[in-house]
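Can you read through this structure? Questions will come right after.
Per-chain residue numbering starts at 1, and chain names A, B, C, D, E and F are given in the order in which the chains are listed.
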Amino acid sequence: MSSWLPSLITETPEQGYELAVKLSRVAVKMTQPDDDARSRMRPEYAEDADALIAVSQVVATHFATVAAANSYWR
Amino acid sequence: MSSWLPSLITETPEQGYELAVKLSRVAVKMTQPDDDARSRMRPEYAEDADALIAVSQVVATHFATVAAANSYWR
Amino acid sequence: MSSWLPSLITETPEQGYELAVKLSRVAVKMTQPDDDARSRMRPEYAEDADALIAVSQVVATHFATVAAANSYWR
Amino acid sequence: MSSWLPSLITETPEQGYELAVKLSRVAVKMTQPDDDARSRMRPEYAEDADALIAVSQVVATHFATVAAANSYWR
Amino acid sequence: MSSWLPSLITETPEQGYELAVKLSRVAVKMTQPDDDARSRMRPEYAEDADALIAVSQVVATHFATVAAANSYWR
Amino acid sequence: MSSWLPSLITETPEQGYELAVKLSRVAVKMTQPDDDARSRMRPEYAEDADALIAVSQVVATHFATVAAANSYWR
């Protein structure tokens, strides 16, 4: 069985950022597993600046972790 | 007596993420120990994008800790 | 005189988590020292999902500190 | 002239926590330097669970810094 | 193909701060890819102190990562 | 041309705190560059306990970075 998160290591910073976005979304899916419920919410928060900024905060927190895991791709 | 948190070490990143989700939930249980009260709130926040994003933020903070504990599974 | 916080070192991760919960509560007591005022607020926030998630966020931040202090109990 | 923040080093964890509380308050004073304005706000937020939890979050963030500065008083 | 994030390394702290601002914006674009929708929101949050402070929080989180990546430009 | 952020290194913890306050304000200016718009908002948030606590949170996040950059002025 394949994992949705086999590793925190990525080849590039950009791929690391994409992983951070993925990490931020999985917690939402685990808390609200119903696809239809999440779809109903999407138009609402995608038009809400406060919600978009809050999503960006979660991504920032995960990106810190992924960046550290990759020794900042130095 | 077994502990709900015997260790922060996990075999894989995915298990580490699951532990982060667990860590985020326990504080809620400790603050509101009444199972019925928590069950009443669930439908409310599971349909609320802001609450789901806030949960995702807590998970991100715990995941940073678990990932560091596991040296990022490198 | 005994201290409410003699050390950040705990024997187990679970005790570390309990210390994080304690650390999150003390700041509230220092800002609102009146026991009755805090008791009046309790039923309100204990039924409020947003408040419970916010408490969980504070605990997560303190747990990161306690876990680092204990070298993640490795 | 004496400094309000001569050092991040404290003798005990408890003093470190008190320093974290102080650090969280100074930013408020710098943003709203008028003592009367701050006094008017105090009864309001001291009775507001959400505000108290938010204060506790700021303290947690500063406590992480102070604890690291003191090598966790190990 | 060029990357929007080829590296976290910058020559100066000021450039590091600009990168943190960029990092905070990309997550918003990934969550709301429609340029028009984002433009509609802009006048709203640019006049909202709470939203501006929240943006500043996201930038602070990314700046911590970028600063660590650059060993604080010491 | 001089930079607004030539270095994260400061002589004292107090100067480091002042730098953290500055770092928290620059992101607001970059998001809302219009001086008049920012001036209009100021009386509003300076009387709002929630906004002041949120500002204090941003300062705390930047102070953690500045303190680490200065090896905690040990």
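To be clear about the criterion, contacts are C-beta pairs under 8 Å (C-beta built on N, C-alpha and C of every residue); 3 or more make two chains touch, one makes a residue touch a chain.
On a predicted model such as this, the values are computed, not experimentally measured, just so you know.
Distances between chain centres, each the mean of the C-alpha atoms, put A farthest from chain D. Residues touching across the chain C and chain D pair largely diverge in numbering: under half of the numbers involved belong to both copies. When you average the Cα atoms of each chain and compare centres, the chain farthest from chain B turns out to be F.
Annotation: 16 Å between the Cα-based centres of chain A and chain E.
As a whole-number value, the distance joining the C-alpha centres of chain A and chain D reads 31 Å. For this pair, chain C with chain F, the centres built from the Cα atoms lie 27 Å apart.
Residue positions 48, 50, 54-55, 57, 61, 64, 68 of chain C are each in touch with at least two other chains. Judged by the touch criterion defined above, the protein chains form a single closed ring in which each chain touches exactly two others. Touching chains close into a ring; read starting at chain A and passing to chain B, it gives A, B, C, D, F, E. Residues 12-14, 17, 21, 24, 46-50, 52-57, 59-61, 63-64, 67-68, 72-74 of chain F touch chain D in their complex.
For chain E in complex with chain A, the touching residues are 3-9, 23-28, 30-32, 37, 40-41, 44-45, 48, 50-51, 54-55, 57-58, 61-62, 64-65, 68-69.
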